[in-house]
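Just below is one structure, and these are the notes that go with it.
Chain lettering (A, B and C) follows the sequence in which the chains are written, and residue indices restart at 1 in each chain.
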Amino acid sequence: MTAVDVELQLSVENLLARYVHALDDDRLEEWPDFFVEQGRYRITTAENFEGDLPLPIIYADSRAMLRDRVSALRHANIYEAQRYRHGVSSVLVERIDARAARSTANFQVVRIMHTGESVLFASGRYFDRIRLGGNGLLYEEKTVVLDSRAIDTLLAIPL
Amino acid sequence: MTAVDVELQLSVENLLARYVHALDDDRLEEWPDFFVEQGRYRITTAENFEGDLPLPIIYADSRAMLRDRVSALRHANIYEAQRYRHGVSSVLVERIDARAARSTANFQVVRIMHTGESVLFASGRYFDRIRLGGNGLLYEEKTVVLDSRAIDTLLAIPL
Amino acid sequence: MTAVDVELQLSVENLLARYVHALDDDRLEEWPDFFVEQGRYRITTAENFEGDLPLPIIYADSRAMLRDRVSALRHANIYEAQRYRHGVSSVLVERIDARAARSTANFQVVRIMHTGESVLFASGRYFDRIRLGGNGLLYEEKTVVLDSRAIDTLLAIPL
């Protein structure tokens, strides 16, 4: 049988679940706390990612930058009434060492407009590096690779 | 590492999986048996849920009421040929005590019309209270919170 | 509590995750290696499956046939630029004996066109028979049951 590290697998899935519920519940102020202090976050497209182009759509390399982004979103999107619903699946986890792991997962996000209409907003992969131990799991690095290059230039929420 | 209760987590995910397969397979007669005798089931919208408005779209507080609902659906929808496909993900489980747990999960449902066309039918969250022990897990309470208020007034199947 | 076989459950979910990531990453050459040498693969529709009609859309009963199919796809689709993103959920696993298990899972596949547009491409169920032991889990049989009969006659990738 494939040796799956049960504790690690379910801990990483739990981290992903808490992460997307925070986003979907619009608890954006909690978002930076899923990262280590110098955590890196970027959103890019599959095209750029595979071509290894250094052009992320969004890039941050500290909690402070993530907090700034939340502030900006709160001011910009004051009248918005969309909702988002993430579906995360097929989570593959690989231990790096006693203190770190890598994971890959698929996601799909539905956007529900204030009119009630629902559209498939985004799909892609999460490539994450996670710090283990201490007070729970935290993202050292989270790379969101979007399948489509036709994305909304104003991303209303983090992904 | 986050302490995930492995047995509880997978048992709750298994309950959710059996629940949605019963619905998607149109085995509606089995649906009430996922609940305790006085189990509560309701479907509401996020708007109502967050405003704490007492206006569920569907409400039942016993297996008998759920059975009545199945009977009604069987008579009303005799000519229907839709299919439904649930996607459930990001399941967060919290133990209340030795005999009960709570869970939150995301869902998306695709409806496949008899013409072959597929549409995103509904998305939202399940907020569940589950009785542990005895003969397997059963729902004491299942609240379906739809993201969109633009729902079909005639819900063809339970969610 | 429902007795879930933790190791088996997570090993089967891991197999499914590796399987769909290989497909979504366009690593089609790896696809036959998820099967035993005489593994059976078929794609059918729910209508045909339930009517027990012997008319699969695609049928193969060996790795060699799967390899042929990959070659054909590589030649036919040389100019394609679609991407696919699977979402797999609600995995139910049942042990047959020490060397085999069955699983049922729901899937949804999004197709991302080279224009950037995303559409819900397919949904359905995987009915799998899995060989345990030896060098990891392998499919003895994988049946893909599509919800819709309105499918693309030229399936660009395996499902």
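Here is the rule we use: contacts are C-beta pairs under 8 Å (C-beta built on N, C-alpha and C of every residue); 3 or more make two chains touch, one makes a residue touch a chain.
Because the structure is a prediction, the values reported are computed rather than measured.
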Same or different residue numbers at the subunit B/subunit C copy interface, by half rule: different
Fitted rotation between subunit A and its twin subunit C in degrees, CA, nearest 5: 120
Approximate Å spacing (C-alpha centroids) for the pair subunit B, subunit C: 26
Where subunit C touches two or more other chains, by residue: 6, 87, 89, 108, 120
Interface residues, subunit C side, partner subunit A - complex: 6-8, 10-11, 14-18, 20-21, 24, 83, 85-89, 108, 110, 112, 115-120, 132-133, 136-137
In the complex, subunit A residues that touch subunit C: 1-2, 4, 6, 9, 46, 87, 89-92, 104, 106, 108, 120, 123-124, 147-151
